[in-house]
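Residue numbering begins at 1 within each chain, and the chains themselves are lettered A, B, C and D in the order written.
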Amino acid sequence: MAKIKAGVLGATGAVGQRFIEGLKEHPWFELSSIAASERSAGKKYSIAAKWRLESELPKDIGEMTVVNVDPDEVEADVVFSALPAEEAIKVEADFAAAGFAVASNTSSYRMVEDVPLLIPECNKEHLEIIKVQRENHGWDGFLTTNPNCTTIMFALSLKPLVKFGIEKVILSSMQAISGAGYDGIPSMAIMDNVIPFISGEEEKVEREAQKILGTYEGGRIVPADFEVSASCHRVPVMDGHTEAIWITLRDDPTPEEVRQAFLDFDPQLSDLPTEPERAIIVRDEPDRPQPRLDRQAGRGMSISVGRIRSGIRYICMGHNTVRGAAGASILNAELFRKVGLL
Amino acid sequence: MAKIKAGVLGATGAVGQRFIEGLKEHPWFELSSIAASERSAGKKYSIAAKWRLESELPKDIGEMTVVNVDPDEVEADVVFSALPAEEAIKVEADFAAAGFAVASNTSSYRMVEDVPLLIPECNKEHLEIIKVQRENHGWDGFLTTNPNCTTIMFALSLKPLVKFGIEKVILSSMQAISGAGYDGIPSMAIMDNVIPFISGEEEKVEREAQKILGTYEGGRIVPADFEVSASCHRVPVMDGHTEAIWITLRDDPTPEEVRQAFLDFDPQLSDLPTEPERAIIVRDEPDRPQPRLDRQAGRGMSISVGRIRSGIRYICMGHNTVRGAAGASILNAELFRKVGLL
Amino acid sequence: MAKIKAGVLGATGAVGQRFIEGLKEHPWFELSSIAASERSAGKKYSIAAKWRLESELPKDIGEMTVVNVDPDEVEADVVFSALPAEEAIKVEADFAAAGFAVASNTSSYRMVEDVPLLIPECNKEHLEIIKVQRENHGWDGFLTTNPNCTTIMFALSLKPLVKFGIEKVILSSMQAISGAGYDGIPSMAIMDNVIPFISGEEEKVEREAQKILGTYEGGRIVPADFEVSASCHRVPVMDGHTEAIWITLRDDPTPEEVRQAFLDFDPQLSDLPTEPERAIIVRDEPDRPQPRLDRQAGRGMSISVGRIRSGIRYICMGHNTVRGAAGASILNAELFRKVGLL
Amino acid sequence: MAKIKAGVLGATGAVGQRFIEGLKEHPWFELSSIAASERSAGKKYSIAAKWRLESELPKDIGEMTVVNVDPDEVEADVVFSALPAEEAIKVEADFAAAGFAVASNTSSYRMVEDVPLLIPECNKEHLEIIKVQRENHGWDGFLTTNPNCTTIMFALSLKPLVKFGIEKVILSSMQAISGAGYDGIPSMAIMDNVIPFISGEEEKVEREAQKILGTYEGGRIVPADFEVSASCHRVPVMDGHTEAIWITLRDDPTPEEVRQAFLDFDPQLSDLPTEPERAIIVRDEPDRPQPRLDRQAGRGMSISVGRIRSGIRYICMGHNTVRGAAGASILNAELFRKVGLL
């Protein structure tokens, strides 16, 4: 099988680099186009971007010439977008109109009615709405998004609990600095400190999970009916968002029943390449999950849960720039191919 | 006025050092006796303890000889206890029996019926129970405790909200490493990490505040009737416990009404030396309080609150080894003198 | 005595805030004028600057209106400059010409022949060159500088060793993040990391100490004749530069003789207000000085030395934004007054 | 080819865990025996050791029963020792006497005359002394050691410079916390701090490199003749020792000639499995190597050098628990097999 051509929009930043890392040895996709702002266009990627991941940048990718974020300059079947939210509004629509499959990590379109807010393990049936989306806009291509990095961890953990009747979620996050981008948080701001505020984050976290766990009915996504109340905090951790969760469940299951539901969870994705062996890993040690020890689980694509106590309370942790960003979009695109959209 | 003689039990550890720091220039107390384990007894304090605070150890205190933790060896009117919980059970009772006023930071006696669990700004009337305590045990002295360092911050913040009718509290903590003692947490455990578990902490946090905010009636302390659900986490911060709080209030006040209640709070302690100018500081910036910036407020004795949002949700932060430990006990002893117990 | 009016140029940044902190309760100076870039001018200081120090910003200073960095707008006898190096070249000369005493923390004029590079404990006699400076430029005012924050620590430690004959210095620094300014170092760059490079730093460190320890002869400063070889590194420490030093001394003293020279050092400054009780503190513990424990010594104005071994090797540590920046300039200005220049 | 049976002595600690990680999928060795102290013996390894690496502990290894550190209980051809130094003196000799090949990471035997202090890329010919060692002691087995983790980085970097005539080395280290073992450094000791002292480290660093770069002549290892002067410091970094080096070379090469010598270095090991593609990686960026970005190079077995300046000065960095400990011993054992000792 020939590989599918993949482009990255906004390729020089922190998430853009994670996209390139995720695509560099991908079995289905080949990196065909690297697009970034005018400042970078025309330069070799190794010059335009200061590579900051621990894995090496492959030489041949470093030699690729960066192009403008323009459908006429990008040669690809699918594009992964790490564009800033304001810029994404116009650009991502342009790419969808021009026939590209767009897998976006940006927040702009997440809450738009005909755009799936996709976690393959949670709501792959929401892809049905692509038909509606194409009709609405007359697009040849299409557009999907993945959730906010904090949402994605707990929303995935909620999926096996839907059967108990979710009524309310309270969430207190301890988020990694990489979520703010490479230059986002000065070291003097966060060393020996907690910053109990992340601009816009609580709003996103409080509205996205209901759409993700909603049902596709008659051409629209009907959000699930539960409330989320969040308090979001930044802590001195490089990667991995840790979340303390209280959940009110209609059926009032025991912690052991909740644990069993996590263990039994089988999203049936039929072996997508980026899919981890287990979407949800249950840690039974008293002090796990921990971001430094567990963020690499499933090559960064598993979430880990633990400390399931009466309440129901539990801890949920996942890698924010892999499962919570670039890996999420790539998994979405793998699903496109599996269902015939690519 | 002659100064009151003060001893420190368990003087070599992290909290013991904070006791000595708090007493070294105290206007009412003079450090008269330093007691520690057999290993230290007989040595100069500067030899027995490796001083680890940023403030200098006064030379004359370094020259004092450490004695055994024994009422016969300690010369003092009041003793401050930073003993390990197991050891404290017998020893603190021995000191109370021998006529000492005991201000303990240890957990052993906190939930015992005739022992006040004291925060002067919250429940100074609980000191009435000392009469009962003395009768029960035939003690010449007496014994009080201060709460767990995580409890103390949010219990103090609850005091001005009692009038709204407290029904339930959910608390997610981000606790400093100093709370575990100098050798408590290996650097390899916490660097670039969160540990979502602190042994025994949630249990303490879930039962102490009700006693603190209870009423003294007919010779006993009747606990307040509300539920606390806690999730306690360690983060890479030196000092300062940050707590995200959700509180259900019967009267459903607005965030602005809650803020005003914090601002209006006046505990009427009549100028105890360790009392801060404001027990509760309201920060109106969107991203405060922060432990590194706010832990020194009121020389470590103020708590700071902020981000008061609908829910009611807010952030509460205080210095865990000052307001949450040594400073708390010293403030309690100042109250002893004010009410004539010393 | 009426207080001397003091202005701060570049008052909103990290060093500017340290200037304001150092002046707010100064016995000789009163903060009369706050100047910053056009963006800030016309605003209240509390609006123009996000205050980031642990000490509180005094309310009345927060209410002061920021003016432009212009001799016509600044009302003061002495100005402290924390301007960027490029901007300082013209502006500091303008202020000196307009009759101000200028105490600059900026690098622009440090190596200029007729400008003293001042550490009062080392070379107060270099102030003699002010006469020459005024003649050269026709200035009513005058201009002095203090050294780079890394230079200042080891240059001060060299002063008592001059008598042994300094031939060569090798210096390896472990520098705090505050040296790069509040936004200077992203947290993702330095967490769990060392950055073995600081732009321009080694060049400054290798040339400044010779001028500082030079002699004033016949209207010029003749630099001392020794070589400095530096390797400068950034480490995850908030404040306090630690320096490992190897020094070749002509007279080949023993480590004990070097230690004694440090202990005997008495700079005879006659009680300047910012002067620490001891300019050089000798720590005899095997593992000191340490930045977190020793940076506040002498309210940040002492340097601490330790581990004096054969070689001669030793460790030198000081607070980089106090002794190494704002405090250095303020001490210089105190010297101006002592010698009659103010 | 059948795999060689490998045991680990002292298998529960930080280096012991790295040995198990390095052996778990090794192409030549199979982990046949896990030995630890009496406290652990008889337990399953997953119970005896709290696994603290980011990689998962393989299930089947977790099920292995820990045995005592006793030649009669260990079934293996080669044993890797991470024993405490005092214990190793007797035990390692016992194993060598009993016929085992012993690859030790412990310091006990490093400076013993008939024991090779081995870095395969530097001095594989020193293995000749095994014959002498066996004769001296009448051993069936034999014993080798690898250097201290700080020594190993710079000693390897010196190898290509031997041709220029090494006269003196000055070394200032910034060492990772993992070098002290899991419980070695309390978080309160190192957060926001530098500890400018590591017990015994400078002594090791100052004597080992001369033996490593010595020549094997007539049945003995003649140490190279140069002086090393070290200052060793602990910084808040998880893994990766960074070293600032000044080297005096007889032939006075230019920095470019030194760089070329690093680039040309080819140790000719004929593809040992743990050998990295490049033993020494030259980084030409102005701010590399950095521990967080470069410690994984060559799966932790490469060292990285950079900032080669006149002096000659350069920075050298490597992974202290892989190249500097477990990986070093495993590479040594691979060499045993290549030369027929296994």
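By our rule, a contact is a pair of C-beta atoms (placed from the backbone, for glycine too) under 8 Å apart; a residue touches a chain by one contact, two chains touch by 3 or more.
Remember, it's a predicted structure, so these values are computed and weren't measured experimentally.
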Neighbours of chain C that also touch chain A are B, D
Counting C-beta pairs in contact, which chain pair has more, B-C or B-D?
B-D
Approximately how many whole Å separate the CA-defined centres of chain C and chain D?
43
Length of the line joining the C-alpha centres of chain B and chain C, rounded to whole Å
40
Which integer distance in Å separates the CA centroid of chain B from that of chain D?
48
Multi-partner residues of chain C (each touching 2 or more other chains):
52, 191-192, 236, 238, 292-293
Residue numbers of chain A touching chain D in their complex, please.
52, 54-56, 191-192, 292-293, 296-297
Listed in rising order, the residues of chain C that touch chain A in the complex are 14, 52, 177-178, 182-192, 236, 238
Any idea which chain D residues touch chain C in the complex?
170, 172, 174, 191-197, 199, 229, 231, 233, 235-238, 240, 242, 244, 246, 286-293, 306-307, 311, 313, 315, 317
